[in-house]
Amino acid sequence: MRKAFAEPFLLINFKTYLEATGKRAVELSQEIERVALDTGVKIGVAPQFCDIEQVANRVSLPVFAQHIDPVTPGAFTGHVLAESVRAAGAAGTILNHSERTLHLHDIEKALQHAREADLLTVACAGTAKLAAAISLAEPDMVAIEPPELIGSGRAVSKERPEIITDSVRKIRSVNSCVKILCGAGISTGEDVYAALKLGAEGVLVASGVVKASKPEDVVMDFCKAVRRYV
Amino acid sequence: MRKAFAEPFLLINFKTYLEATGKRAVELSQEIERVALDTGVKIGVAPQFCDIEQVANRVSLPVFAQHIDPVTPGAFTGHVLAESVRAAGAAGTILNHSERTLHLHDIEKALQHAREADLLTVACAGTAKLAAAISLAEPDMVAIEPPELIGSGRAVSKERPEIITDSVRKIRSVNSCVKILCGAGISTGEDVYAALKLGAEGVLVASGVVKASKPEDVVMDFCKAVRRYV
Amino acid sequence: MRKAFAEPFLLINFKTYLEATGKRAVELSQEIERVALDTGVKIGVAPQFCDIEQVANRVSLPVFAQHIDPVTPGAFTGHVLAESVRAAGAAGTILNHSERTLHLHDIEKALQHAREADLLTVACAGTAKLAAAISLAEPDMVAIEPPELIGSGRAVSKERPEIITDSVRKIRSVNSCVKILCGAGISTGEDVYAALKLGAEGVLVASGVVKASKPEDVVMDFCKAVRRYV
Amino acid sequence: MRKAFAEPFLLINFKTYLEATGKRAVELSQEIERVALDTGVKIGVAPQFCDIEQVANRVSLPVFAQHIDPVTPGAFTGHVLAESVRAAGAAGTILNHSERTLHLHDIEKALQHAREADLLTVACAGTAKLAAAISLAEPDMVAIEPPELIGSGRAVSKERPEIITDSVRKIRSVNSCVKILCGAGISTGEDVYAALKLGAEGVLVASGVVKASKPEDVVMDFCKAVRRYV
């Protein structure tokens, strides 16, 4: 097992929000890049499949797919191939997001395909127990997101801090080096700071940034919290 | 109901073949475009999601997605949004391919999302009865592909001509203007000619072109058959 | 195509309600049987899989499965085989209920397996268009249930009568003999009467009976409405 | 965590084999019961849903469902409710069989529903890594079955002994008391003996018994191997 990288990591998931589709995916990524360059904080973006190539061509941030399918090259019409995502310029992929869950055995397959295509992996789970279980399959990062808080504006790190500490403990008992992110409801620098304080090594965030009236300001607030913490 | 367009149509599905992934998707599309311009035959290409944007930017052919999900803009991580496909430059989408089937009610939803995003639709079905059923949901085109012949090299128009004639009859009894394609095993101009003769108004083809040693020659053979027929 | 039977038909779906699980499935079926015998109205019951055998052994009503899988005898752990349902005493099966939808091509397969196992079929659809589409696959009965009214207590026959008339028209244009049921929100004899008046030939009902404080009274109310209509 | 029970356990999965459907499920269970009583070996049977009740009524063996759905009592037409399986007389349930896999988060939910309904759980996995992952969710038993050997007649304990030893090691590093079964290709007493020798505490078997010309003899052969081992 390798450690993905050491510093705190912010991963911004564009989901299928219109505010982050097509040209707006590129523009939002450029705003985020400015903050990353200003503050030196490591940030990744996860646009929709059709936008990966143009985003990867226009910004220096690591780009993540939101999902890949557990398929090999061949006759799989309409599926998302690890190699295709990689060829478009992605550095990694999210897997098993609560909005795009996978069968357990497909998680192992998809992780293997991702590794073979040289993609970093962020495997998601909704509970501490499942986060530990998925860590046994050795993704590069694991993201805890209690589904009931996703998109709620109530941050997991404030509302349910024990989920993070419990997850960190359970994950570390089976995997010493997977990078641990947390997410759900994160919308302020305070939320990010609280998450890092509880043992998370980064955050996964979506609507808190994408649906904000000034996304750049929110990301700046997040990055200042990271700087303050480190 | 509107008629998509009058002339015979060749739709080339790139599936997740490595031969048609990334740069090779662009190159293959450019080869196909040369034949289309030379012969005046209407051809569409269906690359993987991540390649739609670059293909649409580089060739004048209509580009189709291989699938869209029945979702609206919002919190649908890892899904394929009609608007995203459209923003990347696609003119249409395949739906319910036998390698990416949909629940019946999702077909109706996806067709509606496609229409709202101004995408042409090619709904696939494996039997004459299902082709008629799906035609009631009013896609722009319907494609009959008996799953057992897909990728077989044995052309539906030669091996099972009665499936095409039966499909045409059943479809026309419920929908007078949906464009009728057929596919599965098509690999020569003769196969294409036979399909048109049986009442198909175009073909859907994948490995017959993508896995050919000289795809451009195969497409030229197809187009000559179309010219001979018209 | 054969006509299932001529008279109006009430099909009572037990879903996974505890009020209709195990012994209570048998007791509820016996109450319903008393009303059926008293009034001469044709009623079917659809208990959970595990209850089919004991219900079929204890009452003379036709028993329906709530679903079958599109599988053949063999290595399909955890699936519901048509022959198994039949061997337990079922006379028919519901298919594609909005709570257990099927891929389009699986509907055709499951209908065929059901016919081969001599099971009557009730195929469900949520819209008039889909009801017509599914009728092309020739189930014995089709049930229109707008998902938004299921379990609502607001009857489709009162709230959205045009869905029933439109469905009847669209279905009859492609299939002259499939028996047409409607459902969603049906909870009084008035609702049943209205449904029959609009052209439905029966109703599919669940919570309106199963969750009622006196199911027997509700079923009696339904049956009186049928008698009044016929 | 509790230990399910101490002695070796044979679980016989009837799948959807016609040889074990309806009356033949009862007869096969009675044959198996005779061997269990003769030899004192603990054996469970897993018939189809529709047969659970009659099998449980006729034999004293613990009966397992082949699957339950992660649903609660309510509006879940066509689903398999833990309480229903329990009410029919089942003592437990298989979960996540390779022929009926579950999304990771549904495994956790289904395990919880099973526990609440007082059902023993046998969670299946195809690899050592996944077997360990699923053990973190604390089923009563875990069954390793490499999918490529299922139904092959080539026993996992003979063909791939290292999968069993590796699984036992990985599972025990995260869960000290889950009972470990193995399966796939088991068809002789030798296969059973080899499995127990490698650290398995029981076997999961299907075609090796159900499709045998004399199932009773095969089960007797298995039981003698257990007796020899213990």
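In order of appearance the chains are A, B, C and D, and numbering begins at 1 in each one.
Note that a residue touches a chain if its C-beta (ideal position, glycine included) is under 8 Å from a C-beta of that chain, and two chains touch if they have at least 3 such contacts.
As the structure is a prediction and not an experimental result, all values here were calculated from the model.
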item: Count of contact steps on the shortest path from chain A to chain D; value: 1
item: Required steps from chain B to chain D (each step between touching chains, minimum); value: 2
item: Centroid distance [mean C-alpha coordinates] between chain C and chain B, Å; value: 37
item: Separation of chain A from chain C, taking each centre as the mean of its C-alpha atoms, in whole Å; value: 45
item: Contacts with 2+ other chains: residues of chain C; value: 98
item: Complex interface listing, chain B residues touching chain C; value: 96, 98, 101-108, 125-127, 129-130, 132-134, 136-138, 170, 173-174
item: Residue ranges of chain C in contact with chain D within the complex; value: 13, 15-18, 21-23, 48-54, 66-67, 71-81, 83-85, 87-88, 94, 97-100, 150-151, 206-207
